[in-house]
Amino acid sequence: MIEFRGVNKWFGALHVLKDITLSVEPREVVVVCGPSGSGKSTLIRCINGLETIKDGDLVVDGQRLGDRATNMTELRTEIGFVFQAFNLYPHKTALENVTLAPIHVRKIARAEAEASGREMLAKVGLADKFNAYPSELSGGQQQRVAIARCLCMRPKIMLFDEPTSALDPEMISEVLDVMVGVAEERMTMMVVTHEMGFARKVAQRVVFMDAGAVVETGTPEEFFSDPKTDRSRAFLSKILRH
Amino acid sequence: LDDITKRGELRVAVQTQGPPFSMVDAAGKRTGSSVELAELMAKEMGVKITFQDYDWDGLIPALLSGKADLLVADMTPTLARAMKVAFTKPFMHTGSAVFAKSDSKFGTMEACKAKGTKIAVLLGATGEKVAKETFPDAEIKSYKGGGPLLLDAVNNGQADCGVNDVSAVKGQQAAYPAGSFTIMPEVLSKEPLAFATRYDEPDLLIWMNLFLDQVALDGRLQKNLDYWVNSEDWKKDHQ
Amino acid sequence: MIWFQLQSLMGSYPLALRGLGMTIALSGISLVLGTILGFAFGVLRTSGSRLLDSAIGLWVDLIRGTPFLVQIFLIFFILPELGVELDAFTAGIIALTNLAACFICEIVAAGIRSVPTGQVEAALASGLSQWQRMRQVVLPQAMRVSLPPLVGQYVLLIKDSSVVSAIGLTDLTRVGWLVVQRVPNGLLVFAIVGIGYFAVCYPLILLARRLERRMSAAHGEVQL
Amino acid sequence: MLENFSFRTIVEYLPLFGQGFAATLWLSIVSFAGALAVGIILCAMNLQRSRLLQLPAKIYIDAIRATPLLAQLYFLYFGLPRLGVVLPELFVGILALALNSGAYIAEIIRAGILSISRGQVEAGIASGMTYSQRMRLVILPQAIRVTIPPLLGQAIVLVKDSALLSLISVAELTRAGQLLASDRFMPAEGFVTTAACYLVLYYGLKSLAAFSARWLGVRPIGSRT
Amino acid sequence: MIEFRGVNKWFGALHVLKDITLSVEPREVVVVCGPSGSGKSTLIRCINGLETIKDGDLVVDGQRLGDRATNMTELRTEIGFVFQAFNLYPHKTALENVTLAPIHVRKIARAEAEASGREMLAKVGLADKFNAYPSELSGGQQQRVAIARCLCMRPKIMLFDEPTSALDPEMISEVLDVMVGVAEERMTMMVVTHEMGFARKVAQRVVFMDAGAVVETGTPEEFFSDPKTDRSRAFLSKILRH
């Protein structure tokens, strides 16, 4: 479903992605972790073209990114992206946030889009917040709206960039619960997160990145109980200690 | 001239400098000596007249760019200016006079010649040049916006005395209680006033000169000047 | 003396009303047109095309850097030499619209740039086209940032409109000049002119302030 | 008007334009310095809790913003003598410009100060600083960075506004153009030269703004959270 | 050292602190936790007068807040406050941040202040960052500068408002380590945090707040192993689960 083959990326002189080769199967859930600045965000932002790559191949849903023939706008409708900072549209209500793309991109009739939007919001536990503006919602609620916004487009792939790290501790679990629900519907998912409980519960694979390179991949059990490299051991000790 | 006939309209640029030449009276009607002469001109041509009222900045460009056919203002035809526009014969002669507030110490020319006296003149007007020559030691202040502001400046003490066209001063002091200003009898310079048009309209220029000759001969010009400039009769009708 | 002058001022009130009307008509029309144009240019300016950006930038510099009087003269007196004949009112509208568009373009561009990149990325990620992103996501948010300075700019433009008297339009300031010929009391006459402008501008200033307050109160941005 | 455009006459009048340019320049600098002083005082008043100080500042700022500079100029020029204060034109002109721009500058500075996050103020409070220490050590140094670009924008406005001083017989740049127009009846030459001079001033100020932005941007503020 | 007696506070109609009675002994370390919006921040902000109270008594270091006789500015020099958002002065280097208050408030000579500032920065592990500006520091480093900034005033009391919740996971431990160091010097500390490992390690007491009231207090062992109320149980299950 997603395939990196020797992908490199620079920001100016900074080599942020170093020869990444990695593939994600349909219906697979992959968790990406690694220290700050290691290139995790850059990696998944490449997948829906928020960043462009310099060399190597990146094939998503059968289409090679950067090809003339690939219509990025269309491809993006197949990919949901959840941001750390939620990025809800502050001038629109929850329901409007959720129906904006279906109506304008998928050209679904408003009534129909709203029906499915309501259903999706109910599914993430916000049946009573249809008409609330983002500023009236807690962080956890905002992030759940953001997830619903992606799901409404019925994407094939869901990408998450540290979806819970801007949240208060008690709100983290409500968002993780929703994500577990999505994972259980067996959608292709790639999740950047430090929530190891989540990784253990739903991930088929954990990818550990450091300094722009994929250093280690493995099943959650392997990775947490027996990290192979020094760098992953040091990282795990830091985030699991407290 | 053919254009004007064809158009049926004479376009006249005026500058509203204040009585007696061009002013807007209390009823908001444009009137004054020059304005009435222009109206007379249009009547003789048998066309309508439209006035375009520019401030000083816009006056000359309006004529040069052809927005207006002729320019009617109390304008002195200097040779430098005549390099750019075509002046008619003078329709009257006037001179610059010095005036001061009646109850001030600047009652005479001598007093005004003292060092540091502040003399108000109109920007770009002949008075400006004359004042510089007559009062070499004085401080010359040029104002924009018409003669009445000179009177106001003198009245308020921003300037000690003012230099402006004598008929303008006489006409404009009407807005003040009688006797507010002393106008000195000396006339600093004798200067003509003329209308102007463009050099590429020689026929209009010839016609205008002819017009001035005619109205001078049949006394209409004198009547106009007597009413507006040489007396204060107009005040009865237009204040 | 003052009484005498006030009395003769009273007589000029139809003229004053006409001047006020001219000021309102002129600035009203140009502000509407200028806003539309300014928005268009502001959007173009941030569209990412370097060529457009620098072309608009140059235009903005020329307009901001030269006296408005000169711009009016160019349009009214010089354009006819190129075969564009305009009457004074149209020329005034065009000049003032151009000036308004220039300032509004800068305000709108700043507003657009103030929308967090996250918003554009979110729209991008859900597959909205460039126009849809602008229309649905960026502009509504830029609008809220731009509105208070926009209304403030209107006030400045209304006052700038007085320069059109140079091409013979009788606006409020021009009426002041005309009246002062007859009632030579600059203080009195221009105090009244000032009151006229105040009556038009002050409501706008209050509106700008209200918008500003409402914006900072409902700071609807996502709280991190 | 353009086909006979006479560069020769412009050259002839160049010394006059030079004087006008210099006059506009120093006049603007002095007025701007005055405007800064007025703006700082007004802004300080406006930021006080006491309504007694705040209200006059607010009324003043609104009155200035809602009325044209021309009216303000005449108000001073014709009004002051009635109070028995007769000042030289130049002084009145500079005063009018300073009082006018001061109102706008007060708003610019206020916006700059209010843009400093609440957290900065609280950090100052929490470490036991007094109000004046917080202002001096924490808020103003940060606010200045934010306000310099709009201040230079206001300077541009002020330079152009100073043209109005020609109305009360101050010899400056616009006057030079008007003289050329009225002595020689060459308005196009006069105004084009005037415009060119203003454009020079404009670009000067603009590059000063760009330079100061870059200079201040050496250490971009705003933490990396 | 800090004593709340029947303290109430309203924000408009919102009753944020409800009849708080609580006292902190000298050299005691107290951790405050509770759901978002329960009034934790408000509580500790009252102590150094960042918020004023409506009724009740609050006595800090022997002085009653709100009394005429109490000089708040002076009292604040005895209280260090660490913010969630660091709030370093962005226009000053680390060393300048740390010496600003000692020089201007405590009126210590610059050289002396800089010597002790360097020492303090070294103590929080930033001996190589004296001249770095906040924007050149990572979040964890910024927060450590913020702590050093407080310590330089040699306060009697240190207050922390969620000092680690704006940090990346790997940086949390570096800040917590510094805080443990401070606690071990036996300073009076009040810490709002959800880091339960920290609470277990150094706190003498845990205070649990909900909806503006102190619902439960106890030693960390009691509180974590055997929470008394339903609300604290629900809260703990949420934050400890993932």
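Labels A, B, C, D and E are assigned to the chains in the order they are written; within every chain, residues are numbered from 1.
Operating definition for what follows: contacts are C-beta pairs under 8 Å (C-beta built on N, C-alpha and C of every residue); 3 or more make two chains touch, one makes a residue touch a chain.
Because the structure is a prediction, the values reported are computed rather than measured.
Counting only chains that touch, the fewest steps needed to get from subunit A to subunit B is 2.
The chains in contact with subunit C and with subunit D alike are B.
Taking each chain's centre as the mean of its CA atoms, A is the chain most distant from subunit D.
The chain pair with more C-beta contacts between its two chains, of B-D and A-C, is A-C. In whole angstrom, the spacing between the mean C-alpha positions of subunit C and subunit E is 51. Once the centre of each chain is set as its mean CA position, subunit A and subunit C turn out to be 45 Å apart. Look at where the CA atoms of subunit A average out and do the same for subunit E: the two points lie 34 Å apart. Among the residues of subunit C, those touching two or more other chains are numbered 69, 73, 77-78, 81, 185-186. Annotation for subunit E: residues touching 2 or more other chains are 138.
For subunit B, residues that reach two or more other chains under the stated contact definition are 57, 61, 64-65, 145, 152. Pairs of chains in mutual contact: A-C, A-E, B-C, B-D, C-D, D-E.
In the complex of the two chains, the subunit D residues touching subunit C come out as 1-3, 62-63, 65-72, 74-75, 77-79, 82, 156, 160, 163, 174, 187-188, 191-192, 194-195, 198-199, 201-203, 206. Of all residues in subunit B, only 56-57, 60-61, 64-65, 78, 80-81, 83-85, 120, 123-124, 141-145, 152, 156-158 touch subunit D in the complex they form. Note for the complex: subunit C touches subunit D at residues 61-62, 64-70, 73, 77-78, 81, 152, 155, 159, 162, 173, 185-187, 190-191, 193-195, 197-198, 201-202, 205.
Here subunit A touches subunit E in the complex through residues 35-36, 138, 165, 168-173, 176, 194-195, 197-198, 235, 238-239, 241-242, going by the rule given at the top. Across the complex, subunit B meets subunit C through its residues 13, 16-19, 23-28, 52-55, 57-58, 61-62, 64-67, 145-149, 151-152, 155, 172, 175-177, 239.
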